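Input: structures, listed below.
Shared chain: chain A. Partners: chain B in the first complex, chain C in the second.
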Partner chain A sequence: MSDDERRADELIELAITQDEVEQAPLQPGVPPPPSMHFASRFGGVSGVIAPLITTLIAFLMGGLVVALTGKNPLKVYHAIWNGTGLNWFFHIGNHSARVPFSTTHMWFPWDTSSVAAQNLQQTLLLTTPIILTGLAVAFAFRCGMFNIGGQGQYFAGTIFAVWLGTSFGGLSPWVHVPLVLVVGALAGAVYAGIAGLLKATVGAHEVISTIMLNWISIWVGSYLFGQGGPLQGSQPSIPISNDIVDGAKLPVIWGLKLLQGLSIGIFIAVAILVVYWLIINRTTLGYEVRAVGFNPEAARYGGISVARNYFLAMAISGAFAGLGGALDITGWEYRIGENDIHANTIGFIGLAAALLGRNTALGVGTASLLFGALINGTSGRQLDPSIFRPDLAGNLTTIIQGLVILFVGLNVGGVWLWLKRRRGA
Partner chain B sequence: MAVAPLLELRGITKRFPGVLANDKVDFDLRSSEVHALLGENGAGKSTLMNILYGLYTPDEGQILLRGEPIELGSTKAAIEHGIGMVHQHFMLIPVMTVAENIVLATEPRRNGVLLDFDAARKRVQELSNRYGLLVDPDARVDRITVGQQQRVEILKALYRGAEILILDEPTAVLTPQEAKELFEILRSLKSQGKSIIFISHKLNEVLEIADRITTLRRGVVVDTIPASGATEESLARMMVGREVLLRVDKKPAHPGDPLLQVEDLVVFDDRGLEAVRGLSLSVRGGEILGLAGVDANGQTELIDAIAGLRAVRSGRVIVDGHDLTDAHAKDALDAGIGHIPEDRHRRGLVLPFTLAENLALHAYRKPPNSERGFLNLRAIFARARRLLKEFDVRGGTPSTPAAALSGGNQQKVVLAREIDGDPKVLIAAQPTRGLDVGAIEFVHRRLVEQRDAGRAILLVSLELEEILSLSDRILVIYEGRIVGEFPPTATEEELGFAMTGGGRDREAAA
Partner chain C sequence: MRKRWLTLAALAVATVLLASLFAAMRGSSASAAHKAAFSACLVTDIGGLNDKSFNHLAFVGLQTAEKSGVKGRVIQSKSPADYIPNLQACVRAGAGITIGVGFLMTDAMDAVASSFPSNKFAIVDVDVTSMKHKPKNVEGLLFKEQEAGYLVGYAAGLWAKSKGATAVGSVGGLKIPPVDRYIAGYQFAAKKADPGLKTLNDYSQDFVVQAKCKEKALNQIAQGSVVEFQVAGQCGLGVLDAARSKKVFGIGVDADQGYLGSHVLTSALKKVDVSVNAAISSAKAGKLKGGKDVIFDAKVNGVGYGKWSPKAPAAIKAAVAAQFRLLKAGKIKGIPAVVK
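Let's look at the complex of A and B:
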């Protein structure tokens, strides 16, 4: 092997060890105990396999619940699968598709207007904010903090997006859209920054402060969009904001705007995944954040300001979640009501995605798609009542999501791998 | 024919990814003997013992107890076979009492469900009297000393019926006095029929306590010999495979200007008590100043204050003419302070980080390792490869996590990083703790090299031997003050007397 080849190999290896190595779940900042070093040496493999096993076990137990209701789990899962739209990829044929931002059509292997296509659009719309709230958890986690405040930070972005999106009627979309997105992200950053600042200065635990900030955001939102609130729409007695102006809406590239087609939001989310990976693995900031996350005392000894990194990591986390809120508003929701504020749990789904995805870019992206698909596939709109009761279907998602969090917390997949390896070793 | 051994390991092989940790190891233990296991860092001693304790399953080989083959799939099985182990890092629950910790998982019960603490305490007391392992059964574990915690671990093993006791580097964490007490305990255990496997890097201890000695080198047994007739030199040679200099070979110092000056320094400890009480010292370029003292007499706080890791209450720290009092760690680094911290796991290394990342812990900020906020992995890797080679770090490439290295190699990584930073002042705190003789020789040689390159070296160590052999000048610290200065020709007795405050009492009496 030449020197250059070896170097390239090592670079790849480095990327893997940095990004995919075991992130001890639910224990930010604590270096793995000696007994786990064994496992972490297999980081590259168990980093993928353990979450897979975790998911599998969660689905099996979900299936058990379905069976308890007297329905056939296989049929139910099949129906959910079809509802996610992911089956779209498996129907290849001779079709044509419109090239985005133009009127020309060209040959395409998939039917872009089938029911499955519409389902897939919904799944991807849902995946977008989950990726971002997931990253909000993941980034803070890398710095040794548990950010439960993704929901509040998402609302901060939502609120500013609605406010700015419903104002400035005549503004060019080239200015308006970026303005809304940037301010949404900033709002999230400032909001999370409060928790970061409290942690950095007086040592207030971020779990407590972010939970409190969640509640504050919910009630502030409730007031703003509620009856007589300053952002309530022009229709009196309906506690919903106005629609944002057309110039603030993201371009829809697939499907119809009126039918909640897919906006470019998903591409922004994927781009942010790349940004996340870059920050974590390729910048001095990411280096510092990870050092603080793994061992704050060693970081301090290395001349790294622990307090500054706590603040920055929290603010960046908040920016991700805030952007998620802004993307939802500008991408398909266009408005928000008091009820939505109380019903929305995207921040917590992001938490599950980050845990399952082990705080890596690829992991969070994949887990977000899983949860996005699951939520869409089990929504009452999609599921045939004769196969499974729609009102229970949504709960199935919650069950699977809860089991995933529980299992990741207990590291069920990891334990399973470990036991197997010990036996076999 | 000799009596069949109590325990026999035959052809034990254990592989880790990329490492053959044990290679067809044969080892036996007779009843009522202390059998020492020697070997360089990473030779596979802990691995072998973890296999014996059921923590790892061997890839090949057989374990026989009293001639019968046994299966050790878990620690539970090992305990049932009467094998107990005291790890180097204790596994006690800090908030529970001594008695509670000892009976944990095997608590005596009253009426089937209720814990019978009186019975537990009584049995602990019995055991402790029988073997001379004095502890207070009602004390909370986080309130007792490390030496006492170790006794609790030993008691725990005995309580569970251990006939064979494995001690992995038990003295690494003990003060010399505590080590002496431990040896008394081991002798008493031996006289009552227990068999002991003892791992240590300190050759004099091994010679003092062991009946037989087995040496491992890179996973292979070199030889098993009786302790009588062996010398430190012969053991070192057996371990490392070459002649080892147990004494430091150095030329006379040529001290230059003072590079580190500490004046009337006052520093508080974590509890807010004065730990450094108006201490002054000065280290000149080209000399090694040894700071001798009993543990917890202000050494840690002094180092922290110099390195910018702890607030200074009053007094001054001056490095090469620049006032560094109360500077940040980063400023201290920039001013040219290198610092080999006393606890390499807590501070010296980010264990999950790769070696390349750990080696970059100070240098990542500077070009060529990073530019405009972006890391230059090529440069970081190239530097790591160079340093790993230069400092002979074994068992890892730049992308190996630091946690996977043996202790000696981890220390070499820290050393490489600090020396490569080109410091003016190098603080070396316990630089050879837990290292094998070969690695100690290596570290000592590097420190002398740095001295000869004109750096000021402040050596802080609890090992008098190390202080005496390495230093050009020795200061003794006691209760946060310097209580005496000695030449390197001083005897251990003289230093020991001063370290316990003897010198000061004498002054007071005069």
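Let's look at the complex of A and C:
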């Protein structure tokens, strides 16, 4: 290793460690105060305390809003909790369950067909695409980019999944399902790659380009599945695609396929969380991506191609979101209509999940479950009109989500600086 | 510093707890024992209750039923992932009838209804016989759009006649059966009111983008049309806009669009509220026609016309009302359902 290379390596290490440790005026030789030590362990990039507080405050404010409508927040939160299906874990009894992919039954501590079980299936179905669109934001974030195009990349995956899923009728599921998923991910990668390429070559800001790409994908989808569009289904007056063939559907392991049971998609999503962690923490690519994210100039000085990493990071981000779209189509949706495209906001929920999860694998996974549970728990069907006005229930998710984003933003920006200044004064 | 945060947090917690206490106290006094009434459950599509169209009208129908002692519940769908769970939630809550609104819910309705064969369902604007499992417990609520088209067409013809104009026009979204039924009835009646009249018709190939419809309407107005009938949903608002800017009459569709201004002569109505209320009543009486479609026409007040523009002459209003009576009595025959 030459002197130059070593110097560059040291610089990158410096850039990385500087960001991970709280920047504070430490006196040489004096140990940091315990509170600060605590903050550096739990309050940094991988901290858990700050997001927890953020969520808690958001829920408290949400509770205040509920109280303003004249309803009891505790009752409402209890109903939401039951609606999420997460209460299922606490109802242990003597039940039996079917072993997946077989007809044999075996003893199981939980009732797999209860109402709570059905709610949990829906929560996990919603969590799946949030994890993937969340990772799409998180990965780009690690490279110093703000990928707001998760929604468009998700649609790119959706569109190709519908197209391939409705074609090739006789194909074996062992070929068809992976084909649809891989092409869906590739479609997302190519789509996000456009923004990455523009950033890498001409420096076009990814926030602007991904937002514009979102709209392009929405209207392309609207054309494809709309009246007279090439992917519109066989019924001429209905702007919905055909169903994908049975061979392209993911196996449903919990609940009934006909009634939107849980597919293996959630396990694929969790596996991708692990893949994300591996790429970020255990590969050269992840190292380079993080180096660029911390300080592009230092990374460039260290011999890392910043342009290449911008492109790769966006493409991989897009692959996550595209896979999310493909998993939704193959997992439960099976078809898509023009109106569905305009109503879908999963990419933006992923954005909130990535922000709250601080762009770590565990964080994004947990935050996705939180948002998936919230969306399902606050849907009108879970709340009896006597507990909370069902027409307002869905807005509660939006409020909590908005507060989370606001507080997360405040956390890293204003409050932190303000506290630091106060401490310094 | 830290103390201040703690105080703030404690305050927030205390406020929420207090508020919940108040709410709980208020809630407990209000609850009273009520008899088990027949219950109807309405699931909207993603358009939501404030769509000023189908979902809203379906809700109005449910409210009408509630006045006659039916216990109503409405669940709004926020995303397509909600359809099946929402319909299932209705079944689980023991709804006597579960009603879905619009074609977006066709497959979800098919799945849930065929999984719960002993429960009753209805779906607005969907032909049950076209559903995958052809469930025997779902009633399709369809409409005779050509009769609504007939009524407004008659008004258009009379207006053109009184103005000495040569043409009336219509703009459809796409050449699909429900759109064509409106237009066929419209053209038939306009010519009946004024046999020398020319009927212009175009399709915008779109239900959303208003500019496309506006362009078609402006073209027709340039060719001498004095009344413009829109059958193109949101896109059709462009037709009404063209009518306003060229100082001719426009005619609304599906819901009453008279609120847009006095340039809207009247609207061709598809009374989803009537159909929903009727489905609830027949389910309550145990007479729901599962596996079949019920067609709502003028006779059962399932179609009609909306509010008149203040600029509409009294003679036309009276003449159209007379036609409506004849239609209800079944004395008008031969209204076509397809555009030639």
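The working rule: the second predicted complex is superposed on the first by the 365 of 425 C-alpha atoms of A that agree within 3 Å, B and C clash if a C-alpha of one lies under 4 Å from a C-alpha of the other, contacts with A are read in each partner's own complex, and residues count from 1 in each chain.
Following the convention adopted for this analysis, contacts are C-beta pairs under 8 Å (C-beta built on N, C-alpha and C of every residue); 3 or more make two chains touch, one makes a residue touch a chain.
Bear in mind that the values here come from a model prediction, so they are computed numbers and not experimental data.
Touch criterion not met for A:208: it reaches neither chain B nor chain C. When the two complexes are overlaid on their common chain A, residue A:282 makes contact with chain B while staying clear of chain C. The partner that reaches more residues of chain A, of the two candidates chain B and chain C, is C.
When both complexes are overlaid on chain A, the residue A:256 reaches chain C alone and has no touch with chain B.
Of the two partner chains, chain B is the only one touched by A:302; chain C is not.
By the touch criterion defined above, A:175 reaches neither chain B nor chain C. After overlaying the two complexes on the shared chain, residue contacts for A:271 are found with neither chain B nor chain C. Touch criterion not met for A:52: it reaches neither chain B nor chain C.
In the overlay built on the shared chain, the residue A:99 is in contact with neither chain B nor chain C. By the document's definition of touching, neither partner reaches A:410: not chain B, not chain C. Where the contact sets of chain A with chain B and with chain C meet, they give residues 422-423. Note for the complex: chain A touches chain C at residues 57, 60-61, 63-64, 67-68, 70-75, 115, 118, 122, 125-126, 222, 227-228, 235-238, 240, 243, 256, 258-260, 332-333, 335-337, 339-340, 343-344, 375, 379-382, 385-386, 390-391, 394, 419, 422-423. Considering their complex, residues 1, 12-13, 15-16, 19-20, 22-24, 26-27, 31, 45-47, 49, 73-76, 78-82, 84-86, 88-90, 92, 103-104, 106-107, 111-112, 114-115, 130, 173-174, 176-178, 205-208 of chain C touch chain A. On the side of chain B, the complex with chain A involves touching residues 16-17, 55-57, 59, 89, 307, 309, 328-330, 332-333, 339, 341, 345-354, 356-357, 360-362, 364-365, 370, 373-375, 377-378, 381, 397-399, 401, 403-404. On the chain A side of its complex with chain B, the touching residues are 7, 10-11, 13-14, 17-18, 21-22, 31-32, 34-35, 37, 40-43, 281-287, 290-291, 294-295, 297-305, 422-423, 425.
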